[in-house]
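Next come two complexes, and both contain chain A; in the first it sits with chain B, in the second with chain C.
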Partner chain A sequence: MIEYLLFATFIGLLFHGIHRKVIARVQGRPGPPIWQEILHALKFSFKETWIPKTASRALFVGIVFVAIAIWSGALFILLTGGSILLLFAIYLLHKIVEHGMGLSTGSPYTKFGAIRSVISAASELPLLVTVVAIYFFTGSLSIAEITAYQEMNGPLLIVAFPAAVAMYLVILSKMHYGPFSIIEAKEIVSGNMTEHFGVWRAALEVAYALKTYVLLYAFVLIFIGALPLWLTLILMLLLLISLSFVCAVTPMLSPYDTVTIQSLVTGALVIYIVILAVVMG
Partner chain B sequence: MKKRTALIVGLAAGVIAAAASLSAALGYLPVLAAELVAVVAFPVFVIFIALWWSAKSGEEDIPFIGY
Partner chain C sequence: MFNLPTPHIGGPELFVLEFGDIVAYFSPYTALLFAFAVLFTVLVIVSRPERQVDIAFGGDAYYTKEVDPDLLRFQRFMAIACGLATLGAMVTGDVFNFTLFASMIGITNIGIVAAYRNRHVLNAAFQYGIVAMLATVPLFGGAAIILSSTGTLSMWELFGGAVAVPLIAKAFLVLGVMGEGMAPFYIAKAEITRAQGAPFILMVHVSSLLLFLRVMEIVISM
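== the complex of A and B ==
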């Protein structure tokens, strides 16, 4: 099991590096090498590590353990074909992690990040609608049954395209340097991660690498199906590159605009769900 | 925390996770149990190994603090 986690961490960090490289190339910059984020995590792990005097020590340290643990659990849910609702629950737990991380330090910058993470809770709404749409088509919330359905009936990406767009938006809202990355915006330094330095930041890099891997893998599993590993990785990479293009050409939105856009998308999808309910009985 | 303690805890977590994985592969442990062990042990492994190699050994030079 730990081998899966190490593999996912490595690929996730590599994907983060590719993400930065693609953004840089689109913006006409040379950009860092694609293994930069692996070096970045290692660099942080060698740095001096401390806990701020104003921090709640237990929460400050504990939240880092929880961040890695929840995305490790999410990876196993995908690998064992568990319920998509559990994946949704982990996504919500991550919101608590973001919030707790920001509040644990006592720094005003991290608190702003924590507050923004609450504001950006609207990003969970499209995921909820995605879950409902998938249930309409497959009659199940089990990932194993969803992939089995796709083997029989073709990818959900085609028949449930609006739901795939919503899931795409959910992943986009969690990407670094994206239009919805308001919790780590530069005007609040590094947002809720500002005070987590040294080993704590290295561990958070591991958690975020797992998160990126899990979200991309979930998209491929839920909307395209269970494929050989090499093909899954290629599709995840293509998905990532498309997300990087969006991040590269879109400025970061203001906090309230992110909520507006995500709420509008959710509203459009609710209409889609209602139409589905009427058409499919 | 002492550097040696961080190493022992980190290695112990890694060994426990690897042992659980091997046990599940050989059929001695349910897969779900091995996954739960990995979920708990992996963060401990990552953080304590990093704490171990970032900890000072106590034999560093006195840093240059200016003339």
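== the complex of A and C ==
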């Protein structure tokens, strides 16, 4: 498990670098090298580190460990074929990480990031729609049983396409430099991450790399099926590049537009679920 | 072993805790939620609040707010009570107990926020209080419909598939939990975030999210 955790962290950081590179090339800039985020994580590991004088110390430090723990747990759930309800829970608990990170410092910038995280709570609901839609088709929330279902009946990507779109939107909501990345917008410095620097930032980079890896891996596993590792990685990369294109050509929305769009999408998906419930009895 | 009827939803049963005819259970799902609630309750106990930095607009000045020790003690007490209520809601095996814990979470959440003497925060707490009180009607109404239509409130019976729970009861349960703290009533919570005491205010969010996650498991399983 430890070696897979290190592998996932490395790939996640590499994916972050590729994400930045693709965005830059689409926008006509050379962009940083693709290993830039790995260098960032290493650089922050050796920077001087302290805790701001105004911070709630236990929460400031504790939340970083919580971030790493929940995404390591999520990876474990995927590898062992656990329940996607657990995955949904972890995704929602990541919201607490965002809140805690922002509120614990006392800084107004991080606090604004935390408030933006609170008001964009609608971004989590499409994942719930995904969970319910998958349950309608497979009758189970166990990842092992969902992949077994796909081996028998073909990928869920085709039969449950709106649910796949919902999950795609969920991943897009959590991508850096995306249209919904309001919690780390530059007008509030780095948003809720502003005061976490040095080793804390390095640890957060690791947690976020794991998060990206887990979300992309979960998409492939849930909607396409269990494949050899090399093929899974290629599909994850293609998915990432498509997300990077969206991020590159879409400006960051205002907080209220973000909430409006996410709520509208969630509403449309709820209608899909109701139709599904009526059609499938 | 009681053989949890829904191992394909939250995972297999790991451990049960009997309180007479009420049997709390730990599956991988409820155990994760329970562990998360324990973690944040411990954080509430050991943490001191942050000192918020406010910027005076129109200049370079900024100042740090002072922490009132009395306020700190009260907020911490309410946050710990909220944490304990959340722990109960995460593992209970009885729908009525779940609704009781949910309403207790709503009450303690209002207590955490209402302690802070700021007009905006108190307004938000007032609005939140009204929504939480209104939400107790669908919350307990949902439980009442389940009892009247199935004859039981035990999740062990309701999850089995032998009894059919009306859709309206499930909808009422979800609506009640949403009223106790979840979106779309979050808009009041953005104001709540002005209040000082990050570890305690965070407990408001932790309890609401965990409660929502638990009700999802209950509704899908029934």
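Just so we're on the same page, the second predicted complex is superposed on the first by the 281 of 281 C-alpha atoms of A that agree within 3 Å, B and C clash if a C-alpha of one lies under 4 Å from a C-alpha of the other, contacts with A are read in each partner's own complex, and residues count from 1 in each chain.
We take it that a contact is a pair of C-beta atoms (placed from the backbone, for glycine too) under 8 Å apart; a residue touches a chain by one contact, two chains touch by 3 or more.
Values in this document were obtained by computation on a predicted structure and should not be read as measured data.
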Check: Looking at the combined model built on chain A, do chain B and chain C fit side by side or clash?
Finding: fit
Notebook entry, point to check: When the two structures are overlaid on chain A, which partner does A:106 contact: first (chain B), second (chain C), both, or neither?
Noted result: second
Note to self: Residues of chain A touched by chain B versus by chain C: which partner has the larger set?
What the structure shows: C
Next item on the list: Classify the contacts of A:64 with the two partner chains as first (chain B alone), second (chain C alone), both, or neither.
Entry: first
Next item on the list: Go through the superposed model and pick first if A:73 touches only chain B, second if only chain C, both, or neither.
Entry: both
Notebook entry, point to check: Is A:3 contacted by the first partner chain B, the second partner chain C, both or neither?
Noted result: first
Check: After the superposition on chain A, what angle is formed at the C-alpha centre of chain A by the C-alpha centres of chain B and chain C, rounded to the nearest 10 degrees?
Finding: 90
Next item on the list: Name the contact category of A:202: first (chain B only), second (chain C only), both, or neither.
Entry: first
Check: Now for A:48: first (chain B), second (chain C), both, or neither, which partner does it touch?
Finding: first
Note to self: One more residue to check, A:114. First (chain B), second (chain C), both or neither?
What the structure shows: second
Check: Taking the superposition as given, does A:85 touch the first partner, chain B, the second, chain C, both, or neither?
Finding: second
Check: Measuring by CA atoms in the overlay, how small does the chain B-chain C distance get, in Å?
Finding: 10
Next item on the list: Residue by residue on chain A, keep only those touching chain B in one complex and chain C in the other, then list them.
Entry: 66, 73
Check: chain B touches which residues of chain A in the complex?
Finding: 1-3, 5, 45-49, 64-69, 72-73, 76, 80, 198-199, 202-203, 206
Check: Which chain A residues qualify as touching chain C in the complex?
Finding: 53-60, 62, 66, 73, 82-83, 85-86, 88-90, 92-93, 95-96, 99-100, 103-108, 111, 114-115, 118-119, 121-122, 125, 128, 131-132, 135, 139-142, 145, 263
Notebook entry, point to check: What residues on chain C touch chain A, complex-wise?
Noted result: 8-11, 28-29, 32-33, 36, 39-40, 43, 46-55, 64, 182-184, 186-187, 189-190, 193, 198-199, 201-202, 205-206, 209, 212-213, 216-217, 220
Note to self: Considering only the defined contacts, which chain B positions touch chain A in the complex?
What the structure shows: 14, 17-18, 20-21, 24, 31-32, 34-35, 37-47, 50-51, 53-54
